[in-house]
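First the structure, then my questions, so here it is.
Per-chain residue numbering starts at 1, and chain names A, B and C are given in the order in which the chains are listed.
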Amino acid sequence: MTPLPADRAGASRRGSSRFFTRPSGWQWLTGVIALLVLTPITVLALAWLDPAWEIWQHLQETLLARLLINTATLVVGVTGGTLLLGVSLAWLTGACEFPGRRHLSWALLLPLAMPTYVLTFVFLGLFDYTGPVQTQLRSWFGRGIWMPEMRSAGGVVLVMSLALYPYVYLLARNAFRTQGKRALEAAESLGCSPLEGFFRVVLPMARPWIAGGATLVLMEALADFGAVSIFNYDTFTTAIYKAWFGFFSLPAAAQLSSLLVALVFVLIVVEQRLRKRMRYAQSRLAPQAERIVLQGGKRWLACGYCWLILLIAFLLPALQLLRWSLEIFHAEFDSRYLGLLGHSLLLALISAVLIAAVALLLSYAGRRHPGRLTQGLIRTSTLGYALPGTVLAVGIFIPLAWLDNQIIDFARDHLGSEMLPLLQGTIAIMLLAYLIRFMAAGFKAIDSAMHRVTSSIDEASRLMGLRGVKLLARVHLPMLRGGIFTALTLVFVDVMKEMPITLMTRPFGWDTLSVKIFELTSEGEWERAALPALTLLLSGLIPIILLMRQSDKD
Amino acid sequence: MNQIRLFALLLVMTLLLTSAGLAFADELVVYSARNEQLIKPLFDAYTEKTGTKITYVTDKAGPLLQRLKSEGKNTRADLLITVDAGNLWHAAEEGVLRAVDSPALGANVPDHLKDPNNRWFGLSLRARTIVYSTERVTPEELSSYEALGEPQWENRLLLRTSKKVYNQSLVAMLIAEHGKEKAEQIVRAWVGNLAAAPFSNDTKTMEAILAGQGDVAIVNTYYFGRMLKKDPNLKLALYWPNQGSTGVHVNVSGAGVTKHAKNPDAAVKLLEWLSSEEAQNLFADGNMEYPVNPRVEAHEYVKAWGDFKASGQNLASAGMLQKAAIKLMDRSDYR
Amino acid sequence: MEPLLELQQISQAYGPQLVVKDLSLSLKKGEIGCLLGASGCGKTTVLRTIAGFEPLLQGEIRLNGTVVSRAGFSLPPAKRQIGMVFQDYALFPHLSIFDNVAFGLRKLDKTELIRRVNQALELVGLQTELNKYPHEISGGQQQRVALARALAPEPQLLLMDEPFSNLDVTLRERLSMEVRDILKEFGTTALFVTHNQNEAFAVADRIGVMHSGEILQWDSAHNLYHQPVSPRIAEFVGEGALINGVVKNAGQLETGLGLLEGIIKRPLEVGSPVQLLVRPEDVVHDDASPVKAVVVRRSFRGASILYALRLANGDLVQALVPSHCDHQPGEKIGIQPDVRHLVLFPADA
């Protein structure tokens, strides 16, 4: 790894070797955050002290092969699918011009607000054997008509790709937006056909952003439980849940989970290694890069394609939710909904700000310290995203309850007073848990924006006497505005949708919309869950629309 | 310096919100895996009657149990409610429930629906029975769970996923009744007769029968009840199997008092009330289940589906054999 | 000899707005051409059209005798064998310098490719920076990499869009000389656009002065300077001033510089008003001269001083005077016009 010029200067100023210098404030900060994330993961890894051989042996004899194949299929398929959808849509709306482009560019983000399990449920409801589409087709063409089996690997991959593509779309779009048509023209002037140019230049240039989005997708796909269980598609995650809820073995579940974390860590490191020292800082900031104006039939093809994806991934499911909601509105709606909504919004808002702020600090720390240690700590800080929510929730809860018990015992023994658990069931702990879980979403968004700030900008600013926080506030913040907004939106929406951590760590009475959805779906009352799901969807739209207005300004 | 102000604001907000968790010390605290909309009316009624305040938090049984374990003796929970016997059995095994000596509970809850050591008690009965298409099946063709593995049901049977605890309990009971080998044969025969891959829930399974994907399935009666309410002309009917032998498989939604309960007496009182004639209908009817109290009649709507002989196996064995049941289903490739 | 590049009456529009009108030019093989004009005059559009990035509304573009663009037809850029250096260089940030230069050579076998990349980089003096990435080298080096990258595939024609505008002044002058040498050494035919006439003069063989979509004059630097076809070009190219005059009989011209002879080369009606282009070097400082002018402004240029002078009739002229003749604003000095180079325009031109 080649240090940046800024670092080289810093290192020589401080001493001959980075390893013998006192860690800076930035490194301390990174260390603390990494430690926070590592705590639940360590708790889970400690389960290996008592390996659940019996369950492992059973898995190995029966399910393991299928689990691995299914999980690999899911991860490869969904990552591939989201790349295909996300990159193509991002390039069309980011670098091209065609009818409806302006509205589509933000509308295509809307599926972000749709929880994966809701999309899955609605999607299967519409397109499975029992759904209206296949029923209608059977009534027209007879029972013998062949139709693809929706509840299959292909079906899961399709639905999850539709649900998760916005992660890739959102990050890649920023990259294509600044790329404009110049890169492609340069390639063409060097003898590439537009298609060749796309693969040799346009894509590789957007790689850190695309990779950032794909990493989020990969982690989501690995951690997903809702969608795969509705499909009854056995993956690593379903095995984790089976070990815990079926075999009553939390250690086995924790052991399986820690493998998942290890896998993700390896993938992240591999991706970073492949990137090596390529830097993607643009030589100039050209936010208004010229778009490629699509001509003739291509314009309508692009327009139609975008609309089709929007229709399947968002409009149809949203309409279905709306229909169900209207059916049950009178029976279900009461003043409590406002309370649920309020809780959801408040939690999402606070954690979005908190996580974006921490992500910013982390990303900045990584910029100041490109050394192995800091980079490793930063990568560690994002691992919480890869764990199935419920498992992470337990990993957080166990040390927390332990700490609380210590405090209570201390108070009893030394102060002679009985007290209630201090930490558990507080909002602060909930926020901390969200931080551990969603650090990756905030960090990827901000860090990929940070890539665009050239080191010469740092140097120029430092010459003018700006350092540390001031440099961050005066120079970087304005330049990172887009990335910060993206981070806020992603985290906001993610927290709104989050279920297991909310269930486990919320204070008494602090129910949210997703808790309500859990209540209803746990006994299979999906139609009744439409109302909270729709409310959740609508409130998730607010930041997305704000985000898009922001990025249109840029 | 906007950030500093922002951080300060956040800190203050956090502290304010944090204090919300520390109120109330003298009321009952319930950890419930049963839905809020099913337990809240009961708790409201109880509070009105006795003045005892009840605070509750809902989650899945697994996390709730883990919560109880981690909190240890400092837990605030007095009562744990689950929606199946397996999790209650497991909670008792983990030592987070206490034995309760209550004549009233003894009288209200039949022996086979509670822990032999009185650490948990069934409160409502959920029957898992056969449902069939009235268009393509006559009740005469049906007889027992076991018979669904016979060749006549080839490519006609539909099942919910083996990952659902209801099916795990069902198979556990089959093991209890027939032994592992025979039970595995039955499950393998079921899997051989499947017309479609197992479904994620009972409602979907029944919808698939309506769509013609299969003809018979095994479901909990209240899911059938919900569908029937929506469509009174539903082309499905329930069949009570094994009436000449072991009886219909039942499970319970039930509760136990936690070992470190702060208000154990109040918790027992609540439990007694929940099993009493006064509350049983409120508990069961909300979800179209059956009361456990033999002196209480099921709701008329539910009774209309017919009387049946229920399995008399003690439900503790459902928990005890759950692990074996899952392994058996995995071996049989029942997904 | 057939011209390598020929533009025949091309027109180009964005929406209803015509940005290039009936423009024609031609370049012979090995020639370096330049389109000079203020921003928004359409020069970049012409370049992009030649490259094949923009469709043509009217006219025809021929490369080596083959039509590459006409209304309704456009050979894809990749098939034109045209290299391009972009204003922002458009280096690929994800590729090393070597890979950037090798980008257009991928059809060659490996040894040949390495040879050609090295050759191109050597030409621009960057053979030691092979493994660096674009962000690791300076702006001037980036510019040279862009040039090497465009030259490496040995294009028939090289296009450069404001190639020096992102460089600082000293670097700009040095590089523009270097680029000319490199192009001549390669024997490359090139066309570039700029708004900076010094660049145009330093690099190009033929320069087209553009204004609102038209080429006003397509000529050598010398001719543009000394024989501009219109007052507008005269004002745009080089320093100098236009003064008013009236045609007298016997081929004489009455101006603020006195009665001048030997300028009128074609018959002009007596009494008709004309404009006269006076370059600074055409005004000779001569204290003995009867023509006096007041110093309005002076700018010291080392070897010489450029004076702005007001003539008796109010017209302004500039004079380039050796710097030992130092006069302050307000002083009156004698001047003598050197009539050999003065250019005459009818007043209505």
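Operating definition for what follows: contacts are C-beta pairs under 8 Å (C-beta built on N, C-alpha and C of every residue); 3 or more make two chains touch, one makes a residue touch a chain.
This is a predicted model, so every value here is computed, not measured.
Visitor: Using CA atom means as chain centres, which chain is nearest the centre of all the protein shown?
Guide: A
Visitor: When I count C-beta pairs in contact, which pair ends up with more: A-B or A-C?
Guide: Result: the pair with more contacts is A-B.
Visitor: Hey, how far is the Cα centre of subunit B from the one of subunit C, in Å?
Guide: About 86 Å, centre to centre.
Visitor: How many angstrom between the C-alpha centroids of subunit B and subunit A?
Guide: The separation of the two C-alpha centroids amounts to 34 Å.
Visitor: What is the distance, in whole Å, between the centres of subunit A and subunit C, each centre taken as the mean of its C-alpha atoms?
Guide: 53
Visitor: Using the touch definition from the top, list the residues of subunit C that touch subunit A in their complex.
Guide: Counting only subunit C, the residues touching subunit A are 51-53, 76-78, 81-84, 86, 88-95, 103-104, 107, 133-136, 139, 142, 149-150, 153, 159, 166.
Visitor: Flag every residue of subunit A that touches subunit B in the complex, lowest number first.
Guide: Going by the criterion above, the answer is residues 58, 61-63, 124, 128-130, 134-135, 143, 149, 151, 229-232, 234, 238, 241-242, 244-248, 250, 346, 350, 353-354, 357, 390, 393-394, 397-398, 400-402, 404-405, 408-409, 420-422, 424-428, 431, 473, 500, 503-504, 506-511, 515, 518-520, 522-526.
Visitor: If you look only at subunit A, which of its residues touch subunit C in the complex?
Guide: Within the complex, subunit A contacts subunit C at residues 182-183, 185-194, 196, 200-201, 204-205, 207, 277-284, 286, 454-455.
Visitor: Which stretch or stretches of subunit B touch subunit A in the complex?
Guide: 3, 6-7, 10, 13-15, 17-18, 20-22, 24-25, 29, 33, 35-37, 55-63, 66-67, 70-74, 76, 83, 90, 93, 161, 163, 165, 168, 196-204, 207-208, 210-213, 223, 226, 287, 322-323, 326-327, 330-331, 335
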